[in-house]
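Okay, structure first, notes after.
Per-chain residue numbering starts at 1, and chain names A, B and C are given in the order in which the chains are listed.
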Amino acid sequence: MTHEPAAHASGSDDRYTRGLAALRLVTGGEHNPVLGPVAETAPDLARFTVEFGYGDIWSQPGLTPRQRQIGTIAALAALGNAAPQLRFHIAGALNVGCTRREIVETFIHTSVYAGFPAALNALAAAREVFTARGDGDEGGEGGEGDTAIAEEPAGGDRYARGLDLLRAVDGPAGPAVVDSLAGIAPDLGRYLVEYVFGDVYARTGLDLRTRELATIAMCTALGTAGPQLRVHLRAFLHVGGTREEIVTLLTQLSGYAGFPAALNAVTAAREIFAEQDAAGNAAE
Amino acid sequence: MTHEPAAHASGSDDRYTRGLAALRLVTGGEHNPVLGPVAETAPDLARFTVEFGYGDIWSQPGLTPRQRQIGTIAALAALGNAAPQLRFHIAGALNVGCTRREIVETFIHTSVYAGFPAALNALAAAREVFTARGDGDEGGEGGEGDTAIAEEPAGGDRYARGLDLLRAVDGPAGPAVVDSLAGIAPDLGRYLVEYVFGDVYARTGLDLRTRELATIAMCTALGTAGPQLRVHLRAFLHVGGTREEIVTLLTQLSGYAGFPAALNAVTAAREIFAEQDAAGNAAE
Amino acid sequence: MTHEPAAHASGSDDRYTRGLAALRLVTGGEHNPVLGPVAETAPDLARFTVEFGYGDIWSQPGLTPRQRQIGTIAALAALGNAAPQLRFHIAGALNVGCTRREIVETFIHTSVYAGFPAALNALAAAREVFTARGDGDEGGEGGEGDTAIAEEPAGGDRYARGLDLLRAVDGPAGPAVVDSLAGIAPDLGRYLVEYVFGDVYARTGLDLRTRELATIAMCTALGTAGPQLRVHLRAFLHVGGTREEIVTLLTQLSGYAGFPAALNAVTAAREIFAEQDAAGNAAE
């Protein structure tokens, strides 16, 4: 298996050309403001970024450009230490067709998995990008701004709404986590239902499948959320995501969070896929 | 257990009002400089910060405001990627009655768990906050400044002092760690005794219980220090901390380091509590 | 074992004096621009930095100053949240004799273990340091600049080259990882061969032993790459590194990534050393 390169391996020239084309999609045709100075000091790292980052991983089939950019900004928001790249990829998300609303929702979602500081700092980066583009008021772009966000559910029976959604997303594993917390940290269990699911997952600005994709990206990038990564790999498949999307996302994240993060998440995915195959065989 | 909201769940208006009151304690009555711009781009994230961050987790009984702020700045210092929030909560620590000395001591303690770069950068944030408040010289506030810090033990028999303290804090588990290092990395074991315990834990500017609370906060936020988290959950209980304080702290940290970090630390706490219950039952 | 201080423990004055001497090697004799302001707010933390950071860990035998600085900048690049310290230690690397080329190569290597954002930001820090030193053009210093870097292998049979190198570095464990990926994420396996080994490890600007030393430093600092840390502890020994170098490096990293990171990496090293001792005994 390791003795032959995969069939679609290709020469360096192809990869560079393909990478430049992908990069132009992300930059909206503009010169990449990040790579210019890199090329002066480390021309090969600039070349690797184009060849590997865009010619290889970004150009794989398996995810749409919008999915890629949501996954990337979720991962960078969770890492919390790559502000220039986060701004670059927020702009890239807009360039491939993500709405401001989807970007803001992704960072509201970040508050759950990486905490409010990470969410607030990512949102500050988004504000900078939105302002720099000067498309009128920040809430603009056809009703995807403040007004729409303010229409989200506020108050009401957050617990009941959260529990329904927890079941819909995670299946029986979700309420089981809450039950297991009842004996030791009942308020944390309540917040998981009320805040995470009743407030955040209930929002309409990002569909459930994209929320789960962003969750997998964040847990992979953090590298410290193994149990949660497993829960949300299952949840992503449960709400209609595919194995191909998972594998493509984790492969892409090798470039943003490093190969160890990607490889360890693939190990988790392998377990979940095998578990589901075994359950499928048992049911036949 | 999951079918009913907890008795003290409350409506959104109550949570917002309660959150604003808690936030005013932290800001010392001033307008929150962090949330203003957030409200323009993501008004719901600003609302969640008040409702969940302050109305829910900050308002729980179980920790004093000073304990909360020490735990928060310890976690943010260890994360190392949330400078605006760290400055905000250093000011908040002062506003709820922590002394400059306690804040500085917390960051000296940070050098042990997250390394000197994290400690030095947190201290730089503290210096900015102290300077901006302009309360005379930085060492001021009733003798809690440089002079007092200089009275700390320097030199002397650091190993003997460290070993005594290691035993007092960790019980037999502490010396066992040092012994286990003797065969492979004896100098690291020696530094653990001399630097960590002989220099840092021996300092008088922060009581042992608060040091352990800060340690738990840092290990939880890092998410990569599972064995050390378990050692220090035991140590916190050993020096007089309570299970309620632990659970309240971990619940609070869901807002600063994310739910996965909090949930994984609760799993560790559950193990330690069960271990101690079993030992207690065996002793009866 | 824990009852007696190690024979070479020494008094505070010696440690401070020794620390200052080591610090002067790193700063090239200049005043440390990081510690000055620290000393005003937390004089003891400044003292600990000299005594522990330089008098203890930096002054241990077991690693050359160049190895120390490569390990340190690799760890700080991977952490991604300590820009002032990263710049300080890049300058320190130059001061103890590392070339600009070696520093740039270390950060190209960082792209593999901590992702491209971490690599690009570390490189930006390097560029700042190189520019501030004003040694003519950035590619200067006796042919170690752009020209030499451009001589690196580009294109060609990256898969074959990568697979040969993967075997040379990791032994049979390397191809086994690629094989295990074939059934789930074959492209990630291909990129591991082509990009990580065919492009990056194949570069001549940093010898394999130093690459593996940097890899161990990054995996230790990240704290989330346990399986990869074990692979590369074996690989470092396999390409000629010693146990003493590993232990000295991990001990040094206690000061940069914290004691939990160092202790957990020592646990991994203990396993690898025992595994090799057992294999050695079995072979006799």
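Keep this in mind: a residue touches a chain if its C-beta (ideal position, glycine included) is under 8 Å from a C-beta of that chain, and two chains touch if they have at least 3 such contacts.
Labels paired with UniProt names: A, B, C = Carboxymuconolactone decarboxylase.
Nothing here was measured: the structure is a model prediction, and the numbers come from that model.
Colleague: Could you classify the connectivity of these chains, where an edge means two chains touch, as line, ring, star, complete or other?
Modeller: Shape = complete; every chain linked to every other.
Colleague: Does the chain A and chain B pair touch with the same residues on each side or with different residues, judged by whether over half of the numbers are shared?
Modeller: Answer different: the two copies use largely distinct residue numbers here.
Colleague: CA centre of chain A versus CA centre of chain B: separation in Å?
Modeller: 29
Colleague: For chain C, write out the residues touching at least two other chains, lowest number first.
Modeller: 79-81, 222-224
Colleague: Using the touch definition up top, name the residues of chain B that touch chain A in the complex.
Modeller: On the chain B side, the touching residues are 1-6, 9, 11-13, 34, 37-38, 40-45, 47-49, 52-53, 56-57, 60, 76, 79-82, 84-85, 222-224, 247, 250-251, 254-264, 266-267, 269-270, 273.
Colleague: Which chain A residues qualify as touching chain B in the complex?
Modeller: 78-81, 104, 107-108, 111-121, 123-124, 126-127, 130, 138-139, 146, 149-150, 152, 154-160, 163, 175, 177-179, 181-182, 184-196, 199-200, 203, 219, 222-225, 227-228
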